[in-house]
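Naming follows writing order (A, B, C and D), and every chain is counted from residue 1.
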């Protein structure tokens, strides 16, 4: 149980970073931390005590496997995370070109 | 972008084909062992990225390469869609993503129906996508200097 | 018939990547192909609405269920799905037709159409999928392409708005993924119908499920509420929707927040979770607050698109209010006819809002296209030089403020009547008040933009009416504003709205229909 | 020529990795090697015909033994310097001139120097190595050049030139 809690705490660490950090790159890193905590959570869900990797090989047709579905989901989620992070970084670079800073206190033309 | 010293270049020349080959190995054995299209594609893209980082490239050539990779990426996705769509026609029942090829024998390299083919297509797509992302960032940085 | 369902995803997705390849060699290929495939989607949707009944199911990969455990990915086409698909394809077609002229100002014109097709594919996927994880995947496809589209002009404000939206949207997606993890942990399945069955069967036997259920519901409301811009999560919407290119604003405000926000909320909370009083109350209250806050904030705006964006928050509040009252009535075991009326109102308003908000954003885009400004204080007298835009914008404003011959009047009326019948007099009163506020700020918009002076300032600058493709879309949407009020006639309603309402009223039938148990 | 060399190397590595001589595996391996050599052949080592001169492999084996022996010696030397209480170190950067001509030879020489404990190649400018040394034992260029490079240089020359 404690490991699930640690996982949740990691999620909250990321959320804290998103809320409190003032640097665009740090915000992106915080989002990545949140993502990893959720990936970890999914892998924990699928874990079976003493299970092996869910690949059927010769001679191990009936071995005890961990649940493969969360792993498949996490693979998808990693791909999505890659795309999100890449787009975020691209926009951050463009913002840096326009505003000349990564500080969100100075990037606030839109208000209200 | 500028390249690095000739030590890095020489080592890159030797190591890049091996990394690339390892990526292909992961993709081809995707249905037999951990890994598959995504993991192998990332490794293959790593070989390209290493080469660009070590040797450096001028901006116009990078742009050209980016376009080519974009093309390859879209073609790979289309290939994937066509493979999935072939299931509609070949399987008899109108089923998207039907595994219409012979499943083969467990544990052999040629087995699993069309899953290895899809793995290869996904590998090409992921490799192209990640290399595109990298090159796009480099292009941004080079544009900024001007 | 069933085999046509995946076409809703294949067509936009396939044409997006064909466009990347062929658009490079053939000039204007993208401009040519996008309206055509959108038109084919409109045709397909009407085909399904008219010719099919009940819920159609499609198993991807053809994997039949083992015992009573579904293992394939399910694509589900029922009344609610058809309604949202209609909204997506109709507004999408008109928006893309509009952008044929509008996108001439961008250098990377080709990529606009590619991203647009990807967004359509994502939204269609969200609506069609009967599998909660696939909903997440398609939601991310739609969201990613919308982030890129908002930043399409790569100007200061667009980038800033896009970044803001990306951070908030990213957090929302992760919260949703977290909730999906909890659901899978507890039920061991991802199929919405199967989850619903498991929750209904096991709700009493497992003590922990009740607590988990509340936790999951809160996570899901937070996640999808952020995508739908319901009150405490609305802060990204005015920036994002006002900075985007105008056809994209129309798509975002008119369709995206409904397809990936409202639709998923109602699908999950009606058909997946057992209805509960607390949750319905939460949703209703959030809807009411966003209705009021959005209206009040809209009055003070001077930026024309920003005002429309705040108005979107307010109108989304109306939709959620209608659906929430229906949920409350169903949860407390009240009269089903009242619930049906209320839900009809909510869904009707959803349909209407996508039409007139699309129209208003397109008109605002036309004004911006010709004058180059979004500030209402610098406008005035534009009705002289932009007659068509002025008329269509007036029709849109009248419709959204609820003036009788137009569609907005009827949907608001139905919601208010339903609130009175369900004896939520306060909510009915608030809805009326906000309606008055709506009239106020749209009068302000009309006055400062199109009237107020003789427009000689604009005549000197030789401003002409907008090109054909733009005015065509606006005219068609304003005609739709009138036509849709025909939906109050029971015969018409039974074709378009009633199937959707039935899906929500008989909430537990969803899982039995799909699993066939 | 470069392409064929690369093809053979990759194919051999593939066979070592899969360790399987069935026909499908051979075909897939050949295709993989073909793709790899087509993509990376252009940038591969220039003078790749040296791969087919068998006497070089003999010198590689000899060099390996020499290198391991030097490594062990240097290990003990550094361990002594670390463990002894008085810390007899005298760090400094020395400039060493090499007679190797090819880039690949210089690369391997630099790597060999870096891998032996106590010395690190900091930079190479043309044919001069800048080496950080834990105990600069003499100030005379001839002497320290011999001490650092002399052990490896002649073998590397035989292998790569």
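Worth a mention:
Please note the rule applied: a residue touches a chain if its C-beta (ideal position, glycine included) is under 8 Å from a C-beta of that chain, and two chains touch if they have at least 3 such contacts.
The shown structure was predicted, so the numbers you read here are calculated from the model rather than taken from an experiment.
Ranked by how close its C-alpha mean sits to the mean of all protein C-alpha atoms, the top chain is A. Ranked by number of C-beta pairs in contact, the top chain pair is A-C. Rounded to a whole number, the gap between the C-alpha centres of chain A and chain D is 40 angstrom.
The geometric centre of chain A is 28 Å away from that of chain C, both derived from CA atoms. We define each chain's centre as the mean of its Cα atoms; on that basis chain B and chain C are separated by 36 Å. The mean-CA centres of chain B and chain D are about 31 angstrom from one another, to the nearest whole unit. In chain D, there is no position where the chain touches two or more neighbouring chains simultaneously. Contacts with at least two other chains are made by residues 94 of chain A.
Residue positions of chain C in touch with at least two other chains are not found. Interface of chain D with chain B (complex): residues 6, 9-10, 13-14, 17-18, 20, 22, 24-25, 28, 32-33, 35-37, 39-40, 43-45, 103-104, 106-107, 110-111, 123-124.
The touching residues of chain B, counted against chain A in their complex, run 32-34, 38, 106-107, 126, 130, 133, 136-137, 140-141, 144. Of all residues in chain C, those touching chain A in their complex are 133, 137, 140, 144, 147-148, 151, 154-157, 159-164, 166-167, 170-171, 173-174, 177-178, 180-181, 184-185, 190, 238-239, 243, 300-301, 306. Those residues of chain A that touch chain B in the shared complex are 53, 55-58, 61, 75, 78-79, 82, 86, 89-90, 93-94, 97. Interface residues of chain C, counted against chain B in their complex, comprise 2-3, 6, 10, 13-14, 17-18, 20-21, 24, 58-62.
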